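The next part holds the structures, each set out as structure tokens.
One chain, subunit A, links the two complexes that follow: it is found with subunit B in the first and with subunit C in the second.
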Partner chain A sequence: MPSAVPRYRPYERRMPLLWWLQRWNYTWFILRELSSAFVAWWVVVTLIQIASILEGPQAYAAFQAWMAQPLLIIVNIVSFIFILFHTLSWFRLVPQAMLPRIGGKRTSAVMTGAPMYVVWAVASVVVACFALGVF
Partner chain B sequence: MVAFFFPIHILLFGILIPLGLIAAPTHTGMLALVNHPLTRLYLFGFCALGLLHAAHRLRFTLSDMLRLKHLDTLLGVLAYGAALVGVAVTIDLLI
Partner chain C sequence: MADKITLEVARYSPEQDGEPRFDRYEVPLIENWMVLDALNYIKDQLDGTVTFRWSCRMGICGSCGMVVNGHERLTCETLLADYLPGPIRVEPLRHFPVMRDLVVDLSDFMEKLERVKPWIIRQPGAPEPSREFIQTPEQLAEYKQYSLCINCVLCYSACPVYGLDPHFIGPAASALSLRYNLDSRDQGAEQRLDVMAQHDGVWDCTVIGECSVVCPKHVDPSLAIQEYKISATKAWFKNLLMPGGGK
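So, the complex of A and B:
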């Protein structure tokens, strides 16, 4: 009598801990994803900002003094670079993933990508105008 | 949402205003702005979507990057839990 079919553990390839440093593509991917840590950081800053505005002029002044520390400005510059990287890589990716057809013809990458830059610019200007009291 | 709106917030409130390159908006103006219902709706979207975006991506990035697949559930609970706490704080502030 043949014995029961032996049970095998599924083969798992061991990945080195620093696999994401082996190729630039991997490193960029990980850096892009890590930008979300800065997104979380910036939500926290925004919440503190809202809370200080609602609390009163003194709290708002304290918030601004806190933000003006050199260390925080450096952190924010790094955050800005990471999130800009996130935004630009997203805009570059969408035309590659999404190829809408108009009248049966494929639209070019420029046609798909350009509107996003326009919307981004308009959104930024609108937010800046509201924030700086232009409206 | 994150791609379109976060860069300008950071540039203005995180870099240009703290450096003094742009005059800081007055408290009266900011209060009037924050008290407007549409601004509140916008800020809620900004914070809530930002948090969920970060939670989702950080969970999978940590699990892939550091080979923590076996801790996937724990990471998920931590990440989404933190995001939900953040959303609760946002709601508390804005409503």
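So, the complex of A and C:
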């Protein structure tokens, strides 16, 4: 028997195009995803660098000249900022994603996060020493 | 302190409106009044047609969740005075279809919740204890945080992944699923993993983390989903190395 009561359709909403500007957490996420492109760029540059080193001093000099162009310097500065952001955002994420157990007890967010920053700082100092010719 | 505050309440009547609209109401600003008290004042004194859900008025039943000035809140524990001088914009939770005014259709969440089997599962033939199950405080601590979920679905409203892909199993269902996996009495982890490890399961989550930010009970569904990803990966490797065996 058909029902006498009409059935009304609920109102379906769509996500606004700029949803990722609504909250800081959303924007952070989009920037984090975007930063992957700069990480990829850095990988490409490193591969080209290694290839030119293997080719010999002339090729490496050409690589250095290529890198010295103003446009590439700007691109690399922007990439550096994004890669820094990428690293920090993933460090920030790890305690949000897992709290491993040590001796049966769950570690705190600080205990999970801190070692990564320590390793990062030590690695940066070692690399800086190489770059500055300390070793 | 002002003695009145304005509420802009999202209204939608499926019989008449094509689009929701906002109606403005002025309510007395009484100390310790919550947004829910103001809505009840509107319904009792100003406009009996305003429709919304509520029950316990103490942050337990999880039915009064709405979006207040753009953020998911349990309206029974959201002080009016925190939004001075106003106006306060009250909208239905995001992503769910609006049935009327501030009431959303939760069928999709209910279906997902059932799919993850949020109850204690015992293997057929598993020995039944002769008395109640004994649990140590440590065993309780394992799942207690997740058991505090009140199904208010603020987390679904805050999750853009769910908004973009409604098939995603979502935060609360994942947290409740893990709650039973972590229970020492439960033996159903594998059954739940079958649901959770599917494409529409935990893998859709991109770790935005807003679900855990808005949770009024500090359940941390985001952590639950990431833990599930780890178990799903472990199970996959186990199956790869020891197909069919090594359970």
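Here is the rule we use: the second predicted complex is superposed on the first by the 103 of 135 C-alpha atoms of A that agree within 3 Å, B and C clash if a C-alpha of one lies under 4 Å from a C-alpha of the other, contacts with A are read in each partner's own complex, and residues count from 1 in each chain.
As a working rule, contacts are C-beta pairs under 8 Å (C-beta built on N, C-alpha and C of every residue); 3 or more make two chains touch, one makes a residue touch a chain.
Quantities reported herein were computed from a predicted structural model and do not represent experimental measurements.
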Which partner chains sit in contact with A:13 here, subunit B, subunit C, both or neither? Use first/second/both/neither. second
What is the contact status of A:25 with respect to subunit B (first) and subunit C (second): first, second, both, or neither? second
Can you tell me whether subunit B or subunit C touches more residues on subunit A? B
Could you tell me if A:83 is touching subunit B, subunit C, both of them or neither one (first, second, both, neither)? first
After lining up the shared chain so the two structures overlap, which partner does A:133 touch, if you call subunit B first and subunit C second: first, second, both or neither? first
Please work out whether A:42 is in contact with subunit B alone, subunit C alone, both, or neither, and reply first, second, both or neither. first
Could you say whether A:97 touches subunit B, subunit C, both of them, or neither, answering first, second, both or neither? second
If you lay the two complexes on top of each other, which residues of subunit A touch subunit B in one and subunit C in the other? 15, 20, 33
Sites on subunit C touched by subunit A in the complex: 12, 14-15, 17, 19-20, 70, 94-95, 97-99, 104-105, 138, 160, 163-164, 206-210, 212-213, 222-223, 226-227, 230
Under the definition above, what is the set of subunit A residues touching subunit B in their complex? 15, 17, 20, 30, 33-34, 36-37, 39-40, 42-47, 49-51, 53-54, 56-57, 60-61, 64, 67-68, 72-73, 76-77, 79-80, 83-84, 86-87, 90-91, 119-120, 123-124, 127-128, 130-133
Subunit A - residues contacting subunit C, complex: 6, 8-13, 15, 19-20, 22-23, 25-26, 29, 33, 93, 96-99, 104
With touch defined as at the start, can you tell me which subunit B residues reach subunit A in the complex? 2-15, 17-20, 22, 24-27, 29-31, 33-34, 39, 43, 46-47, 50-51, 53-58, 60-61, 64-67, 86, 89-90, 93-94
